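Okay, so subunit A shows up in both of these, paired with subunit B first and subunit C after.
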Partner chain A sequence: MSSLPKRIIRETERLISDPVPGITATPHEENLRYFDVLLDGPSGSPYENGVFKLELFLPDDYPMAPPMVRFLTKIYHPNIDRLGRICLDVLKNNWSPALQIRTILLSIQALLSSPNPDDPLANEVADEWKNNHDKAIQTAREWTAQYAK
Partner chain B sequence: MPTYEEEHGLNSTNNNTEGERPNRLTVQQALNNFINTPTDSRNNLSNSINNSINGINNVDFNLLNQMMNSMNTILVDKSNTNNGVSNEFIDRLERVNVKQLKNDDTCPICTNEYKDDSYPLVVELPCNSKHRFDLECIVPWLKINKTCPLCRIDVTIKKELPVLVDSEEEDEDWEMYG
Partner chain C sequence: MNFNSNINEVSDPSDWDNCKLPSLSNLDSLLRCQICKDFLNAPVLTNCGHVFCSICIRRTISNSNKCPLCLEETYESSLRKVLILDNIVKWFNNNRNDLLKNLSIDLVNDSQNDSSSDISVISELNGNGNVNVNGNEGKKEKEEVQDNLVECPICGVFMTPDEIQGKHIDQCLKNPNGSTNRNTKRTTSRSFFKNSSSSDESTTPKNTKKRQINIQLQPNSIKKKQRIPNLDTSISTNKLKEKLNYYKLPINGKRNELEQRMKEFINLYNANLDSINPVSDISLISKLKKWESLINNNIHSQNNNNIHSDTNSNNSSANSSPPITFDEETIRRHQNEHKSWNKKNKNHYEDLIKIARMNMQKQKNKQLINNEDNNNNNKHHIDDDELSDIDTELIT
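After this line comes the complex of A and B, so read on.
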């Protein structure tokens, strides 16, 4: 493996020394491009009090290409599918090399606060979110209590 | 005398960026090869697949061909929309004089301080004179994208001079709501 770019080292140091509230990202010792992420469910959302596990990987062409991020904890959300894949513009077309790991994780946290059922990745969840909103919120709460511990 | 490119290691950058997204090119080439293969040899391929793999029978090559064609269309589409700027555009980027750089100014892409390098080569994009980057950092991005990393504006669109609003016109607009 080629040596780690300075930017990645610097980002990692800052994630540890000056962490974003409610977010921890820890690199694997044997692969410093692979991070274990713990993300607190935002207060006021059905994910409140949940701690969600994600994996984040910085591809070789990072920061020209976005990090790859996936939920490992089961979550009931219209923009996150059963495999934990996330539908979020900044992870795809709207990526910019001026964004960083911390800004991406903040965007994901914001996505939990404001789901977008009109651009769904999990169609059934999105339908429920639009047509039976109270029940969808209830399910999201139940899943959070059950899985996001 | 070494050329400008040699002095600034631009050749190596170019080589790297041309190898950007190798997978997409390879897949596309593979598709083209497949689509342009005469049907006969594809039938041979079909036979060999049938012979070597039990369970795959009667591979529908028309369907497969359709799928390959539509995949190719998608790939071509994608590579067109992802096209970056021309080399001429990069050559014409505004250079930032070192004297204008503060000691703690950093490149938003590599996050290094420009002045870490004793001869920093910094450019600004046409969208905003504050949108500055190491030339070395912005080139690989602009080779695959036409947008500024800081404001996402298409950098190839000529900057329009701010149009002064004619006071009479403004009055007319207000009348519409009045």
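After this line comes the complex of A and C, so read on.
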């Protein structure tokens, strides 16, 4: 492991000493840039009561480059594809070094509350979301009950 | 919060949470750069009114011309240094530990605490007789004193008018710091800091001097220096080497390494001009070396270390061919530094991980209780076993 910037140590410490409600992020023992994340589905969304597993990796040029985040738990969401990749502006173009792990995970939680089918990553899900909204919500709920626990 | 004390090198606004004045954590976080989360170093102001470390924002801007806080367009040419803030941050940083120490809630009750600090002040004063208690300590104290004493206009010590007009004023004019001090028993805010920092050799003797000199003034040598203009990446490799040579930088490596090196040096150099106490060009070059060996190190470990595999990069960086730039010795030294850092903080990391795992387990347990039917895959079970092991370890 090459050196770990102070900023990452500080963030890790903060994440653990003062965790965000509904979010836990644990660094791997072998690689402190790699985090296991557990994220509670936001209440009032079809993902309520689900606990989603994600992986998060801080690249070497972090914080100049955004962290890489991916869902490991299967999820039915127009902006998250089969492989768990997430379509979220702050993870790509709108990344700023002033953001941090904590804010990114909160953004992802917010994305679960308000999906954006007009900028889809999973096209079929997005179509369903727009054309047959009730059924899409139903499927999301079923997937949550089945996989996210 | 006890594990905060384990890493002294890494300070955090939350350090104030358990002191007598927890709101200081707000000040603490306001004085930090939003990019590196460390205290502002040579702060600069953007057009949109945000402040960052000069080097942080310069590195950011060489990636993309956006302010990290508001995403407004920001250009290097519009950055302006804020010297007073540099002063403020330096003061805060220098006095942070003392403040924390003095504001910590300890088991000794307050009155006892006060009297003990009084005694130590007195003994300190008796010890070296010439501690200079200046008079501008705040009105309250002055009022108390004004009944029968007046302040010496030179050294600020309170004494009777007769004394000042007699011997003292002559003495004081000759040697302002060597005046004898009568009014010593009062614990003033200044002696409070003096007392607390007396163990710190570097701050005490210079205190008065520093206070007068360095406010918002950069050394003259820095004023003559011109900023290096941004690198024109279309110049020929030879020209680039010439340029590197001009600043006494190494000229080995591939074209893009040369470019990177030049860019980083320009950032370091220009950021240094924004600092209230800038460093010499030579230490800039050594900073650059450190930066470059870090980058090289990272490139090597990156090759062996992608997001979905858990390869142990410790081995990979040791086995990889030596980086192309800079002498091997420096690089080895840096690697050793990294290793010793990791070694030193291993326990701390482990503690952090344990605590996080415990939190995870709590969450999992909650889940398990909620959902009776078990649909977990094998990996989950393994995790659970590991976790319960750790749990029992902690309990015993």
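By our rule, the second predicted complex is superposed on the first by the 148 of 149 C-alpha atoms of A that agree within 3 Å, B and C clash if a C-alpha of one lies under 4 Å from a C-alpha of the other, contacts with A are read in each partner's own complex, and residues count from 1 in each chain.
Keep in mind that, in the parts below, a contact is a pair of C-beta atoms (placed from the backbone, for glycine too) under 8 Å apart; a residue touches a chain by one contact, two chains touch by 3 or more.
Please read these numbers as outputs of a predicted model, since none were measured by experiment.
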With everything superposed onto subunit A, say whether subunit B and subunit C fit together or clash. clash
Output check: A:32 vs subunit B and subunit C. Expected answer is one of first, second, both, neither. What do you get? second
Between subunit B (first) and subunit C (second), which, if any, makes contact with A:18: first, second, both or neither? second
In the overlaid three-chain picture, which partner chain does A:92 touch, first (subunit B) or second (subunit C), both, or neither? neither
Of the two partner chains, subunit B (first) and subunit C (second), which one does A:6 touch, if any: first, second, both, or neither? both
When both partners are placed on the shared chain, which of subunit B and subunit C touches more of subunit A: C
Quick check on the superposed pair: does A:63 touch subunit B, subunit C, both, or neither? Answer first, second, both or neither. both
Offending stretch of subunit C which, after superposing on A, collides with subunit B (from 273-281, 309-317 or 363-371): 273-281
Touching subunit B and also subunit C: which subunit A residues? 5-7, 10-11, 63-64, 94, 96-98
What does subunit C use to touch subunit A in their complex? 1, 3-4, 7, 9-10, 12, 14, 34-38, 56, 59-60, 63, 66-69, 71, 294-295, 297-299, 301-302, 305, 307, 310, 312-314, 317, 334, 337-338, 341-342, 345, 349-350, 352-353, 355-357, 359-360, 363, 367, 370-371, 375
Across the complex, what residues on subunit A touch subunit B? 5-7, 10-11, 61, 63-64, 94, 96-98
Subunit A-facing residues of subunit B, complex: 20, 108-112, 137, 140-141, 144, 147, 149-150, 152
For a test of understanding, state which residues of subunit A touch subunit C in their complex under the given definition. 1-7, 9-19, 24-32, 34, 36, 38, 49, 51, 55, 57, 60, 63-64, 68, 70, 94, 96-100, 146, 149
